[in-house]
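Some structures are shown below for you to check.
Okay, so chain A shows up in both of these, paired with chain B first and chain C after.
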Partner chain A sequence: MTTLRRPNYLLSVVAILVSVVVFLVPFAFILLTSFKDRTQAAELDFSWPRNFQFVDNLMAVIEARDYLLIIAFINSTILTVASVTIMVVLAAMVAWTLQRRSSRWNPLVNILVLSGLIMPPAVVPTIWVLQRIGLFRTMPGLIMVEVAFGLSFCILLFRAFIATIPRELDEAAIIDGASPLRLFFRVIFPLLRPVAITAILVQSVNVFNDFVNPLYFLPGEQNATVQLTLYNFYSQFNTQYNLLFTDILLVTIPPLIMFLFFNRQIVAGMTSGAVKG
Partner chain B sequence: MRFRTIAAGALAAATMLAGSACSAGSLGSSDDEGGGEGGKVTLSLLVDNSEDTVRAGEQLAKDFTAKNPDITVKTETRPAGTEGDNIIKTRLSTGDMTDVFMYNSGSLFQAIAPQKNLVDVSDQAYNGQLDDNFKKTVSADGKLYGVPWGTFSAGAIMYNRAVYAKLGLQVPKTWADFMANNAKIKAAGKVAPVIQTYQETWTSQLFILGDFHNVLAAEPDFPDKYTKNQAKYGTDPAAVLGFQHLQEVHDAGYLNKDFASAKLDDGLRMLAKGEGAHYPILSGTIATIVANYPDQAKDVGLFAIPGTDAAKNGATVWTPNGLYIPQTTTGAKLDAAKKFLAFVASPDGCAAQTKASAPTGPYGVKGCTLPAEVPQVAKDLQTYIDGQGTSTLALEFLSPVKGPALEQICVEVGSGIRKAQAGAALYDEDVKKQAQQLGLEGW
Partner chain C sequence: MVAAGARAAHRGSGPSSPYPHWFYAPAAVVFGVLFLVPTVLALYFSLTRWSIFSSEFIGFGNYAQFFQEPALVSGLWHTMVYAVVTSGLKVVLGMALAILLTSQIVARGYLRSVVFFPVLVSTIGVGLTFVVLMNPERGLINQALGAVGVDGPGWLTDPSYALLSVALVDVWKGVGLATLIYIAGIVSIPQEYFEAAKVDGASAWQNFKKIILPLARPATVTVVILSLIGGLRSFDLIWAMTRGGPGFTSDVIASVIYKQYQAGFYGLSTAGNVVLFVVVTAIVFPLWRFLNRKEVEM
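Let's turn to the complex of A and B:
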């Protein structure tokens, strides 16, 4: 076959339509519902708001439970930034050592990393451990929990990428007299940029959206994260859908902005370690 | 060079953040730890997150502090449903419970091991002021552990009074009357006679659970026999009727068209707007109608699920939630917590709850009255509870046996997938596992 394959316009149109249906329609639904009043929002249908009261909804959401949402945003930011930073730096170090220096401990470390991915976390024992070391109900405690749950994935991501970095770079740096730490931070870590961005984004969204861990490991009204504020408006018997969706809208914005800006890097980073394993 | 500074900076920033993060949420106005200084005590109170509960909690806290200036109460919320059960159990078993907390009475109360986890309040003065039915549901081994929070509710049929008035219908006392009403409503067209909402599976069980008054009227010793495995839904002629009713309304085509995919909120909307005539549901959900459709709320009334005998007509009721003190509350906080319970169990406490939001049923404290402008559903329920022998506690308060899959089985029977008799037999199997787990005799 020597003819060039012609672009399949029909397929492209279908793909675009599908992505519109899958991504934009739910978002439009959230947006529309957050504009409605309570009575119309309870109908939960796709309709034009009868009377717009977005500002009222917004104020009600922000003021709910003594401005809990603001505290929750601060908590979520601290949690996300701190745990993702620790996760990425630690994971890069572990992955580099695992990939470069083979020892008889490697299989054991690999099993531990894998078990981090496979084993489901148990709530009550984890709380016991946290209580024993005095970290239960504290932000550092929750940060460590998040780091523990996200580390395995990051290590695998980094390992695959580090395999593509030529060993000669390390050797050249060592011959020039670089210490291990210097070698890692000045030579290796900058090269990891693409995959680091992927790890940061994926884990930020994970941690920011995490619901279960903050619910159990950081109880207390003042400790709420943004995802937990959804429970201000959603309950078993009565739900204020207009406020719920306004809250969802506010909570969705930070990850959305990150994705809009770093979209290209995510895809690049995801595939960058894919071929060579 | 540049990168190193960035990396070092990031690390430093992370450590700083982690350090400063100890004070997560320190925006709050005052400190969390009450206690010593100046005899002031701060109590933490855990309530579920429904709008009315939160409002009631805040109002109770405010009115209580007005009477006891040295004690402040801070409310915390938790989700309801299974997630809430997990939170309560986790926090109790790790010794991390708030000073006072609100939770279900009845079987869920028994499931949190009250003897081990809760403070006995049998010796308190308000003991005599509480409703006897309620006391049964928050007692274990003859000791009282809680006071009522909120109001009684019924598992009954909420109906649209406007539809009834238009078609000249009477409130049915027997199942035959009820089906006759349904036939007339269907003949008149447009309005769905019976609303069912199987997207939220728990709403499917009311024809069975709410029928318990009729079961007990026919067989007064059913709960005992049921606990001892001598009576079964599949073989008992009175108990199986609930399943048959569920099948009958489906087979006669009385359900709303979207019964398989409708949700609770849809059902309440149809009822309030007169798109459906009957909705078997918990009466507490009227709060949603009052909030979402204030103009139509007066059109909604309530009657008990009718049985075979008009003379024995009556409602199956659920008791209010309970307010409990965990054993981890000690010292000055324990004294304050006991005062708070006494306040909630007094007419002042009821008044505070009424002030927060319109009550949807009678309170569990003697001497508490309902205001004049309560929803019609609450008035209808009050007549059942005041009457002689016209109300019965739900089976879950009288027997610990309740299978986890009842709602799924009800959806099957109510959608015509499984016959009533087969559904009842399947439920008996489901119950067996749970009874064996509890270690009951005779299973």
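Let's turn to the complex of A and C:
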């Protein structure tokens, strides 16, 4: 554990080789297959493409079923941006009040937050409720569902961070005559930036990759999200593996970009429970 | 503002607080309508014969059916197996990888990234990729095994392997998160402990058993709880890879819920959902309490 020891080169080489075989080969396989033509892709082997036809594959995937993939990407983007924005603002408000004010509501709120994190949602009754309020099969309905299911994680993340903001700050703002809304949105919310970024990143990845909720709450061809389209492509392109893997590649690109730019913040958010428990 | 302040005063919680209770309201409405209400309704609807048009109270018929049909009962069993296998492997492999990645080796940054990246990738994408890699005749995994003289099984087509194969892919995708949680836990252990152990001439194994294992306990709690919750609710990976097949050999409660919903048996589907609540709550809540209490005692 001391830093002065020399690196263990043998162990390093073994670790790198194993990591390449276990973790990089599957991604290389996706990439290679998406470059192949239909016949070679059907061989399913790990080989260099004979004819590079990535552009053809890309066009075929995009044009399939009347540009459904484009619609799906637009839908997924709307879903992710809207639900994560609402989720983060509402969760920050709850976490703020929960952390700052101790009242008889606190135990109840804590239990609800915890149950939101642990309990699996009741699927068919949720559909029933959505039908009653006229939001079933609609994008706003799905957005609200994602908000409801994602709140708990964000509240816990925000609450831990708010505990580190000194109360003197609130008091100064209150003495200056700031209303609760002004205090929160003008003074406190900007201070939450680091943790808000973490929450936004983690939840964006979750919502963008979500398959179950769109499957239940937003069925129908034209409503498709990216993950649903990918799943349906599998049955459609069962014999065209080059197209299937081009689609998988496209779906992998947004998280890859997130990962390249925000690796540190994502890791911070996902491991936030590790030290305190 | 005035109205909110007045309401707060009316409830007897003092003059208008700078932290008004109505800050809970927007979140409470969304959470209440789309999570709490359905959860409570589920208890009622699980006792009904429920179709698109009507629901009729039938008592515990759905539960009786759920626990009598072998295909449904096996789903319950598979859920347990899946959750235990995935979280067990994530704890062991995550801990091992974290120790490796905090030790003196080169390319730590690369290794951390490469182990963590699958966590962010679409579950459906990972599932479909592994369906192809696990193809019994032409898939890369069995080709590679064949090259060293091993006859690989039909990972997803053999009823006795399908569930475990999906669980392995789940571990492949999720072990990065467990590893990072353990790394955070191990890094937070004060260096003095290791220095003192070195002075006492402790072996690497003693270091692990007496320092890392007990002091990384919060990390273990997090990994176990997170992967149990994920494992018990798991649906997308199983659905993408096997759809619960071959037969019903990789069906879990979540996929039973979806199948019954698709078939129009809403009451039965909801009964499955209630069974899932009970299973998750009965396993996770006591475990959480138990693991956290142990930590306080130390």
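Rule of thumb we're sticking to: the second predicted complex is superposed on the first by the 233 of 277 C-alpha atoms of A that agree within 3 Å, B and C clash if a C-alpha of one lies under 4 Å from a C-alpha of the other, contacts with A are read in each partner's own complex, and residues count from 1 in each chain.
The definition used in the following text is that contacts are C-beta pairs under 8 Å (C-beta built on N, C-alpha and C of every residue); 3 or more make two chains touch, one makes a residue touch a chain.
This is a predicted model, so every value here is computed, not measured.
Peer 1: Going by the contact rule set out at the top, does A:Leu44 touch chain B (first), chain C (second), both, or neither?
Peer 2: Both partners, chain B and chain C.
Peer 1: First (chain B), second (chain C), both or neither: which does A:Ile16 touch?
Peer 2: The answer is second: A:Ile16 touches chain C but not chain B.
Peer 1: Please work out whether A:Tyr231 is in contact with chain B alone, chain C alone, both, or neither, and reply first, second, both or neither.
Peer 2: both
Peer 1: Applying the touch criterion given at the start, work out whether A:Phe185 contacts chain B, chain C, both or neither, answering first, second, both or neither.
Peer 2: Touch status of A:Phe185: first partner only.
Peer 1: Have a look at where A:Val123 lands relative to chain B and chain C in the superposition and call it first, second, both or neither.
Peer 2: A:Val123 contacts both chain B and chain C.
Peer 1: In the three-chain superposition, say which chain, chain B or chain C, touches more residues of chain A.
Peer 2: C
Peer 1: Output check: A:Asp170 vs chain B and chain C. Expected answer is one of first, second, both, neither. What do you get?
Peer 2: A:Asp170 sits against chain C, while chain B stays out of touch.
Peer 1: Output the chain A positions appearing in both contact lists, the one against chain B and the one against chain C.
Peer 2: 43-44, 86, 123-124, 128, 215-216, 231, 234, 241
Peer 1: What does chain A use to touch chain C in their complex?
Peer 2: 1-2, 5-9, 11-12, 15-16, 19, 22-26, 29-30, 33, 43-46, 86, 90-91, 93-94, 96-97, 100-101, 103, 105, 109, 112, 116-126, 128-130, 133, 144-145, 147-149, 151, 155, 170, 174, 179-181, 183-184, 205, 208-209, 211-212, 215-216, 226-227, 230-231, 234, 241, 244-245, 248, 251-252, 255-256, 258-259, 263, 266-267, 270-271, 273-277
Peer 1: Could you please specify the touching residues of chain B with respect to chain A in the complex?
Peer 2: That would be residues 1, 3-4, 7-8, 10-11, 13-14, 17-22, 24-28, 32, 48-52, 54, 74-81, 83, 86-87, 90-91, 93-96, 263-266, 269, 282, 284-285, 287-288, 291-293 of chain B.
Peer 1: Give the list of chain C residues in touch with chain A in this complex.
Peer 2: Within the complex, chain C touches chain A at residues 1, 4, 13, 16-21, 23-24, 26-27, 30-31, 33-39, 41-42, 45, 50, 100, 102-107, 110-111, 113-125, 128-130, 132-133, 135, 138-140, 143, 172, 177, 180-185, 188, 191, 194-195, 198, 207, 217-219, 221-222, 226, 229, 232-233, 235-236, 239-240, 254, 257-258, 261, 266, 269-270, 273-274, 276-277, 280-281, 284-285, 292, 295.
Peer 1: Show me the residue ranges of chain A that touch chain B in the complex, using the header's touch definition.
Peer 2: The contact residues of chain A facing chain B are 38-39, 42-44, 65-67, 70-71, 74-75, 78-79, 81-82, 85-86, 89, 123-124, 127-128, 131, 136-140, 143, 185-186, 189-190, 215-216, 218-224, 231-232, 234-241.
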